[in-house]
Structure formats: C-alpha cells, structure tokens
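After this come two complexes, each holding subunit A, first together with subunit B and then together with subunit C.
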Partner chain A sequence: MLQATKLKKSYGGTEALKGLDMTVEGGDIYCLLGANGAGKTTTISLFLNFIRPDGGTAAVGGLDVAEQPLETKKLLAYIPEQVMLYGNLTALENLRYFSRLGGRDYSQGEYRGFLRRAGLQDGAAGRRVKTYSKGMRQKVGLAVALAKQAKALLLDEPTAGLDPKASNEFSELLLKLKADGAAILMATHDLFRAKETGTRIGIMKEGRLVDELSAGEVSHADLEKIYLQHMHVGGRYA
Partner chain B sequence: MIVSIARKEFSEIVRDGRFKWTAGMMALLLLTAMAAGCQKHSAYMDMQRLSQDRTNAQWLNQGNKNPHAGAHYGNYAFKPAGPLAFFDNGINHYAGNALFMEAHKQNFALGRPATDQSSIGRFGDLSGAMILQLLMPLLIIFLGFTAFAGERESGTLRQALSMGVSNRQLLWGKALGIGAVVALITGLCVAAGGLALSLTGLSMENESLGARVALMALSYSLYAGIFLFLTLAVSAWAKNVRTALMVLVGFWAFAAFLAPKAAVEISKAAHPTPAFGQWMADMRTHQMRGIDGVPPFARFQQESEALFAEYGAESVAELPVYVGALRLQKFEEYDFPVFEQHFGRLRDAYTRQRRLQDRLGIVAPTLPLRSLSMTLAGTDLIRHIQFADAAEAYRREMVATVNNYLGEAAASLNSGYGGGNVLIADEAVFAMVPPFEFAPQGLGKALSEHAGNFVALALWLAAALGLAIGAARRLKVDGD
Partner chain C sequence: MKRIIISHETRQLFRSGAFRALLLLLAGAVAFAAWSGQRSIDRQIEGANAAAAFEDGHRNKMRADTEKYQARVAAEGGEYQFASARHGAGEGPPQGTNAGVVGSATAKYLRLPPTGLAPFSVGQSDIQLSYVPVSMNPAIHITRDNELENPVNLMTGSFDIAFVVIFLLPIFILAISYDLLSSEKERGTLAMVLAHPISLKALMVSKIAARAGVLFAAVLALGLAALLAVGDGLGSFDTWARFGLWAAATLLYALFWFALSVLVNVHGGNSAANGIALAGTWLALVVVVPTLAGLLATTLYPAPSRMELTTAARQAQTEAESAYMARLSEYYYDHLEFVPEGDERAMDFLTVAMANRNAIDKAVRPLHDEFQSQLNRQESLVRRFQFISPAIMMQLALNEISGTSADRYEHFLNQAFDFRDEWSDFFTVRFLRRAPLKPSDYDQFPTFEYQEEPFATVLTRLLPSLAGMLALLGGAILIPFAGLRRYPVATS
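Entry: the complex of A and B
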C-alpha cells in the first residue's frame, strides 16, 4: 500500500533521506523509530507530497505520489503530532469541512458517530475546538481519518504528549483499523507502544533505514537494546 | 467543494472577534457616508432647483430697461449635482456649481464648496465612493491576509492539504468566502444608502440610472476582486503572516494614497495649466485686439458694407435693424473665437491631465476606478465641461435674443427718429429667453473615453488572478 523506493531528499545540501526503501502492506502497523532528524517526518511528508523528492519514488496504492498527488492523498489519512484544527469551528464543523475537502460527505449523525468512535465524549462535539485539550484534538484528527475511510494512515508521533489512557485508547483504535485492512505508518519515539501495537518496526538513522524487525519476534527489552545500539556511533554491527 | 471551503471561510471570519470590529467600523463609516451623501445630495438638489427658479424669476422681473442692459443684468446657471453624486461627489467640490451668464463675458463657474472647507477637507470628502476606494481594499486585506499564511503558520494548511484538495480549489473557495463577506458588508450599506436616497423622491429621468448603478457595481466589483486576489496571492506566497500584511498594506498605501496624489502631480507637471491672472489678462487683451489682430470697432467698420448688403441696405439709414444693436451683437460674436481659444487652452490642459491620469491607471487600480466612478456618478470633468458649454450656448442665445430684439425694435433710431421708449424692454421681451436647462449628454457618450479604464481594471484583475493562481500552485505547506 505504501512504498518508498530509493527515496531521497536533501535540504540545502544536507541529505535528510539517503535512498529509503520500505513497504507497508494493508494490515500492517509499521512503526518508524529513530532520533529527531533521522528522516521520519521527511518520509511522511514525501508520502503526502508536501515536499518533492530529489530521487526515487514514494507510491501509495501503486500510484506515484509526485505524479498523482491528489489521487494518492485520497487514499491517505494523516495525523500529525499536533492535530491542527480551526479554533472557531466546532469539532463537528471541523470534521465536516475536512471530510468535504477529501471529497466525502455524511449526515450529521454519521459525523457524530465518527467522533464517538474516535473516543470524543458526546457533549464536546458541538463545542468550538479552541477550548479543546490536546487529547481531544487528536481524537478529532482520528475521526477525520476514520471518516476518510483511508486505505493508509500516516501518523507522525500521534500520541506524543498524550496521557497513558488517551494513548492507550488511540492504540486500540489503530488495532481496529489494522484489522479492517488499513496500512499504517507511524513515526514514534515510544518503544513500548511500537512493540505493543506495531506489526513491524523500522529503525532510522541519519536518513537511512538501518534495521527492520518483526514486532512479534522481539521482546521489549531486546527492542530497546537494539535501538540504543543503533543510536550509538557505528550501530548494531560495529 | 469550493462552496464548502467558502462556507468555512465565511463562518471562520464571521466568528472571529476582530471581524466584528472591522466590519462594524466599515459599516458605520459607509452608512454615515451614505447618509451624509443622501442628505447633502437632496439638500443640494433642492437648493439648485430653488436657485435656478429664483434666478429665472429675477431675470423675468428685472424691471423695464434697455434690452441689452437686461443681458448685462444676466442670469445664473446652477449645475445639477449628477445622478449618483450622493455616492461619488467627484470634482463637484472644486469645479463650482453656479455660472454667471452676462453680455460680453464668458465666466467660470463659481461656488466651490472646497474653498469654504477647513484644511481637513483636503483629505477628501467623506463619501461612499471614498470609503469603497480607500477602505474596502483595507477590509479585504484584513480579512484575507491570513488566508494561506495564517493556516500555514497554525498548521491547518498541512491538515487541509493532506485531505487531497487541490490548491486551486482552496484558492477559489477562499476567494468566494472572503468575497461574500466583503460583498455582504459593502452591498448592504450601499443598498441602504440607495434606498434612503430613493425615499427623498429625487427624480432622475433620462439619466439611465439603472445602467449607471450596474456599471458602478461592476467597476467596484472588479476593484474588490483585484485586491482580493492580490491578497490571496501574497498570503500564499509570503513566508508568514507578518510579511503578508506588510506587503499588502504597503501596496494599499501606494495604490490608494500615493499613486492618486502622484498621478495628479505628474499630470500637472506634464500638462501645466496657465496661471489664472495671466490667462485672464491674455484673454482680455486678445478680445480688445481682436481674434485676427483687428480690433472690434475697426473690424465692424471693415465688414459693415458686406454686412449691410446682407440686409439689402447700402447705408445705415437703409438698415432694417438698429445699427447700434447690430454692432453690439457683432462685437459679441467677434469674442466667440477668442473665448473658444482661451477656454479651449485651459480645457485641453485639463483634459490632457485627465487622460494622462487615466493612462497611469496601469500603475494603480485606484486611478481607473476613481475616474470611472466619477463619470458614472455624473460628477466628472467631462460633465462639468458639458455644463459650462451649455451655459455658454445659453448665454450666447440670451444675449443674441435681446440684442436682436433691440435691433428690430429700435430700427427707427438709424435715421435719428424715434423716441427713447423703443429702447425699453419689459417682461414679455425677457420672456423670449427660455429658462436655462442643462441636458447632459447620454451615458454612452460620457463613457466613450473610458473604455481604457475598464481595460485597465480588467488587466489588473487578470494580473491579480494570475499571481494568485501562480502562488497557489507553488503553495508551500511549511513556512521554512
């Protein structure tokens, strides 16, 4: 569903991504680990065509993102670390607006249903979102993704700064989406969450994918060890 | 899709606290200007009609006297305000509204309200047109400068663009949403003004009012569209909202303030008008010298033989008309080309200035709009010249009528016979001169010189659109 082939991107001479090859299939939750600046956000931005690659391709559902940006975006849902919404609009209005931007429209009841599924308490849906906590915003972002019925999700540290309960609810929903066959790519710093919800784990360092693991085949302690080894100079095989 | 975007823009703007202030101020200013405009317009029109009626009555009741002395007593032409003067007073404050018509002299219109104003009047007349020309662009800028730059800074642009909407759809949607807000505020206020005016019961037949209002709406819509798309272009292009606002306000100050003032100065420097005192002295000297260097008395002498022949007469005694009256009328006519030449010089300079200002419209859209607005309101220079021409034509007719009457009534004086009573005219004689009426040229004629201004506005809109589409195509998701 999501495929990067020799994907390259530089910013003013610095190579942020040095030929990334990766694939995320439907039913996968692929967790990208790595320090800040490893290229995780760059990868996600390339899949969204927010930036143009300097080499290689990013493809969604077999379509080249750079060539068919609008078609590929229709297949995607994106949840950043901070879901940004229009403060003077209510959650329902935000959801409806974003859905329509994505070319979908639902009844008021269905919109409420998406917000409920995303875990937003019923009474909040009609309030302006400038009064919302971060957790509530993330839920609206999730509802936007649900309403979009996306085949692939791009999540950029979506649970950073959420309390454990909210974070857990978020993971539960991801598992449901995975069960429905969505391909999920999630950049995260949360090793524990990666091990718990991820099916596959990729470790990025300085613009390269340096390791890929199957979440089921590695213990939490091992994962942490492997990760830290990579982060030290030379990496795991030095 | 575009409508959804527009609706969201609309709700967001309307719910923003800043909007209430800006819109409130704008509405207050516009309504005040429109109300003041209506009040002034109807008061002016009342006064104009009253004055014209009174001066017409004075002409008739000036008392029994020598008919030529009646022409010296003279009459006034009062300028009607123009069909949409309540909205755009144009040059009315500076051009004069009462023109004294008398024998031997072509006068300027007097009564310039600007001369009675304090220095605050220099900032211009508070009128609907001024508010829309100066402040509507500012309103558009304030409502629109964050359209892309603000969403980029807050991060909602990432979210929106991730949904798979095209940049261009976003552009059209935002344009429609902001445009709707602007149209709502200005449209309602202007309509309120128009309604108030229609309640004053002013009649404006034969002035193609509907076409004027429609073209006025078109011109101002083009103007608003120019600023709207420029605002969106800059907002999409700028790295942050601060840059966007600075660039836009800078352009506004240039287009709405600097360019019009500069255009006036440039046009004056390029086509200078003569100093008034010198011009007047030149004309008087020229009158006395005669158009071709033959002074009036000498010319009359030279031409008298041919002139008498026209009447089948060989000498004064055989003339069927009083020679004194004939001479008076001939002297009057000798002056026509002198007046035409000197007034023509002045008008040529003014017309050239105006045309140059229109051409400078390529530098700032406020210039062609201002010119169009005045013309559509019927308060422009061309109309003023038409009024002055009508007054001059009337004056010539008035003087000729009484002179010719004198000629016929006092023919017996040629042979030295006849009493003083033949020199006396009464009301019946003065009634031979019909009251002054100003029939302005039609709208089509008035607009004949303004195709270029429409083209300038259209070009500006096309350029603004092109910039907006280009900036939207290159829209960056992140500021850095």
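Entry: the complex of A and C
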C-alpha cells in the first residue's frame, strides 16, 4: 500500500533521506523509530507530497505521489503530532469539513458515530474545539481518518505528550483499523508502544533505514538494546 | 471541492468578531461618506440657487421698472426711449431699457448639473464651482470665483465614497487576507487540509473567492444603499449605467488588492512579515506615489498664480482706461455701423466700458490660455503617472464615473465661454443700436442649457484607467500563481 523506492531528499545540501526503500502492506502497523532528524518526518511528508523528492519515488496504492498527488491523497489519512483544527468550529463541524474535503459526506448521526468510535465523549462533539485538550484533538484526527475510510494512515508521533490512558486508547483504535485492513505508517519515539501495537519496526538513522524487525520476534528488552546499539556511533554491526 | 472550502471560509469569517467589526466599520464609513458627499453637492446647489436668485431678482426688478415705464408712456403718450447712462436718477426711462446696463450689471448663472452619482466622488468640485456667472464682462470673470489655490482642500480632499473605496477598502481587504496561507500554516491546519485531495492553488483560489465574495457583496449592498439614499435621477439610465461602472471599477480595484495579498502570501513568510510588507505597499501605492505624482506635476508645469492673472487683468484695465479715447475711435473704426447717428464723437460711458472690456479680454486672454494649458499639462502628466498607482487610476476613474472629472468640467466651461459670447452679442448689438429694451424683450434673453457629453465619450476617457487596472490585476494574479509551486507546506 505504501512503498518508498530509493527515496532521496536533501535540504540545502544536507541529505535528509539517502535512498530509502520500504513497504507497508494493508494490515501492517509499521513503526519508524529513530532520533530526531533521522528522516521520519521527511518520509511522511514525501508520502503526502508536502515536499518533492530529489530522487526515487513514494507510491501509495501503486500510484506515484509526485505525479498523482490528488489521487493518492484520497487513499491517505494523516495525523500529525499535533492535530490542528479550526478552533471556532465544533468537532462535528471540523469533522464534516475535512470529510467533505476527502470527498465523503455523512449524516449528523454518522459523524457523531465516528467521533464516538474515535473515543470522544458524547458531550464534547458540539463544543468549539478551541477548548479541547491535545488528547481530544487527536481523537478528532482519528475520526477524520475513520470517516475518510483511508486505506493508508500516516502518523507522525501521534501519541507524544498524551497521558498513558489516552495513548493506550489511541493504540487500541489503531489495532481496530489494522484489523480492517489499513496500512499504517507511524513515526514514534515510544519503543514500548511500537513493540505493543506495531507489526513491523524500522530503525532510521541519518536518512537511512538501518534495521527492520518483526515486532512479534523481539522482546521489549531486545528492542531497546538493538535501538540503543544503532544510536551509538557505528551502529549495531560496528 | 472549491464550494466546500468557500462555504467553510465564509462561515469562519462570520464567526470571527474582528471581521464582523470590520464590516460594521465599513458600513459606518460608507454611510458617513455618503452623507458628507451629499452635503457638498447640496451646498453647491444651494450656492447656485442663491446666486441665480440674486441675479434674477436684479433683472426682474429692471423688468418691472420697464413695465411701469411702458404703462406710463402708454398713458402719457410719447416715445418709449432708451435710457442714457448719463442721466440722473429718477428722470427719464429706467435703466432696464438699456441693454448695455442689463447685460453687464446683471449676470446669468450657468450650472453644470451634477450626475446622479455625484455624491460618490465629489472630485475637485468644491474648488471648481459648478455654477459660473456669465455677463458682458471679460471671459476671465467666468472662472474668477474658482479657488484653485486653496491648499487645505487640495491636501485633504473630501470624505466621500471614492475616498472610502480608494483609501479604506484596501486596508479592509488586506486585514482579512494578509495571513491567507500563513495563518493556516502557523495554526497547523494547512497540513491537515492539504493531506486531503485538494491542491494549494485550489485552496488559495477558494479562500480568496470566499473573502472577495463576502466583501464585494457588502460593498455592493452598501453602494446600492448609498445610491438610494443620496443618489439622484434613480429613474434614468445614466445613473444606473454610472453605478454599474462604479461597481465594476470597485471590483477591479478590490481584486487587485486581494491579488497583492496572494502575491505576498506565496513567499511563505510569516503573518507578521506579510502584514508589514502589505502595509508598506499600501502606503507606497496609495499615499506616496500619488503625492509624488502631484508634486512632480506642479514642479514640472507650475501653473501661473491666479493672483498674477488678476493683477494682469487690472493692469490691462488701467491701460485701457488711460487710452480710452484712442480705443473708442479704434472701436468705432472697426464697427462703423454702431456710430450714433448725428454725433460721430458721441461719447457714452458704456461704449467706453465696452471698448475697455474688449481690450482687457485681448490683454488677458494669452495669460489665461497659458494658465489653462499649464493645468492641462499637469493633468496629463498625472494621467500618465496613473499607471504606476492603482489609487490614481481609481481616483480618475471614479471622478469620471461620478461626472466630476476635469474633462467634464472643461466641457462645461467651453459651453460657458460660448454662451458668454452669445449673451454679450445679444446685449451689445441692442446697446450700440440704442434700441430700448421692452418688457417683452426680457423673454428673448439667451438661455443656457448644459449639453451633456455622450456616454461613449465618458467610456472612452474611462478606458485607460480601467485597462490599466486590469493589466495591473493580471500581473498581480499571474506572478503569485506561478510561485505557488514552490510554497513550502512542511518545514524542515
């Protein structure tokens, strides 16, 4: 569903991505680990066509993102670290706007249903979102993804700064989406969450994918050890 | 897709208290401007009425005297005679029988009728009077009352709808669009929106369309309300055609400012930087350039002072008076048919005065022509300069549309000069023939009816300003949309 082939990107002479190859299939939760500046956000931005690649391709559902940006965006949902909404509109109004932008419109009852499925308490749906906490905004972001019936989700550290309960609820929802067959790519710093929810784990360093693991085959302790080894100069095989 | 964004943006706008306050402010400004524009047109009309009533009263009194005199002649017998200027008061025929006295001691006020849209753009009508006196006096007297050197009027202009459109409307437009993209980017919603199948260009166009739609609907509604409140001739095609042109010019001008906002926004700067850049541009285009253009025009082509003109006229008069005997002979030499019968050297004060007037007219005419042509040169320089400032283009266009342009005024003055000749000839001939004016002759006095220019002429003069704005708008649209491809949606 999501495929990067020899994907390259540099910013003003600094190579942020040095020929990335990766694939995320439907039903996968692929967790990207790596230090700040490793190229995780750049990868997600390339799948969204927010930036143009300097080499290689990013493809969604077999379509080249750079060539068919609008077609590929129909398949995608994006949840950034901070889901930002229109503060003077209610959650329902925000959801309806984004959903219609994605080409789908539903009844009020259905919109409420999406918000409920995303875990937002019923009373909050009609309130203006400027009063919302970060956790609540992330849930609206998930509801947007649900309403859009996205085939692929791009998540950029979506649980950073959430309390453990909210973070757990978020992971539960991801598992449901995965069960529905969505391909999920999530950049995160949370090793525990990656091991718990992820099916596959990729470790990025300085613009390269240096390791790929199957979440089921490593223990928490091993994952942490491997990750830290990579982060030290020279990496795992030095 | 665009429709969804437009309705979303419109709702966002109306939810913002600042926008609602801005609309109220605009409504207040238009209401005050309409009132103030109408006041200055009303003042002109009142002035014209008062002046005409005074002069007409004077003439009616003379006519009444001739009626009494006619009745007396009919009762007592005798001849209905011409009043010599030299006889004493209370004796003989009244002065109203003397065409020279009637034609020079009373003036006929000619009016340039305001168009239905005149209160929208008062133009320079408070310094170029829309009513001028015509008598047998020299032609220069026609514009004598025009105050061309009133610096306060020239500096401040008047608070009319043209002022609101030219100065304030751009500020409102920039206030609602300076952060068109930058605010979405700073708020973080830009990435959320662009993760959906919508291009940046479509987003930009929709955002502008929503703002332009709301603002233009408001301006049109306010303009219509102003027209209904202070406009005139609401039943005539002319008024509505002018209002249509006003709306079209205002739309063009407004779109230019929106396009400028887009231009600044695609550079990817933050909202504060955009705001400063746009405020600076407003200052340059609306305040600095027009002022410099005006300054340049008056420096390159300084108009001779009206004071000089008056002094020259006085001097010519003194010279004329000192040589009046010679001039009288010269005048009679030219017009032998008017030499009074029986007395070749008959001297009449009014004949001398008439000869003097001729002399003064001749002496002052070159200076007056120079004065006018300097003003025309200034005007044409400003016309050429208009293409670097939409504010100048808009001012010229709105003056033209409201019928307060310098060209329409000149059209009127030319008719006034022609009428002055007609008026003067009418009385001169009767005076020199010593033909006594009878009461019935008062109905034969020449009358003036302003001949309006054909609408096509107005359109032709309007064309350069509108075309210039269109070109400027085209440039302001094309450049930014070409630059959109490089807009950084995500940073780092």
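We take it that the second predicted complex is superposed on the first by the 238 of 238 C-alpha atoms of A that agree within 3 Å, B and C clash if a C-alpha of one lies under 4 Å from a C-alpha of the other, contacts with A are read in each partner's own complex, and residues count from 1 in each chain.
What we mean here is this: a residue touches a chain if its C-beta (ideal position, glycine included) is under 8 Å from a C-beta of that chain, and two chains touch if they have at least 3 such contacts.
Since the structure is predicted, the reported quantities are computational estimates derived from the model, not experimental observations.
Peer 1: Name the contact category of A:103: first (subunit B only), second (subunit C only), both, or neither.
Peer 2: Once the two structures are laid over each other on A, A:103 reaches both partners.
Peer 1: After the superposition on A, what does A:19 contact: first (subunit B), second (subunit C), both or neither?
Peer 2: neither
Peer 1: Which partner does A:50 reach: the first (subunit B), the second (subunit C), both, or neither?
Peer 2: It touches subunit B and subunit C both.
Peer 1: Which partner does A:41 reach: the first (subunit B), the second (subunit C), both, or neither?
Peer 2: second
Peer 1: Considering only the touch criterion stated at the top, classify A:86 as touching first (subunit B), second (subunit C), both, or neither.
Peer 2: In the superposed model, A:86 contacts both subunit B and subunit C.
Peer 1: Where on subunit A do the contacts from subunit B and from subunit C line up?
Peer 2: 45, 48, 50-51, 70-71, 73-74, 76-78, 80, 82-86, 88-89, 93, 97-98, 100-103, 141, 144, 148, 154
Peer 1: Write out the stretch or stretches of subunit B touching subunit A in their complex.
Peer 2: 1, 4-5, 8, 11-12, 15-16, 154-156, 158-166, 477-478
Peer 1: If we count contacts the way the header does, which residues on subunit A are in touch with subunit B in the complex?
Peer 2: Touch residues, subunit A against subunit B: 45, 48, 50-51, 70-74, 76-78, 80, 82-86, 88-89, 93, 97-103, 128, 141, 144, 148, 154.
Peer 1: For subunit A, which residues are in contact with subunit C within the complex?
Peer 2: 11, 41, 45, 48, 50-51, 69-71, 73-74, 76-78, 80, 82-89, 93, 97-98, 100-103, 141, 144, 148, 154
Peer 1: For subunit C, which residues are in contact with subunit A within the complex?
Peer 2: For subunit C paired with subunit A, touching residues are 1, 4-5, 8, 11-12, 15-16, 187-189, 191-199, 488-490, 492.
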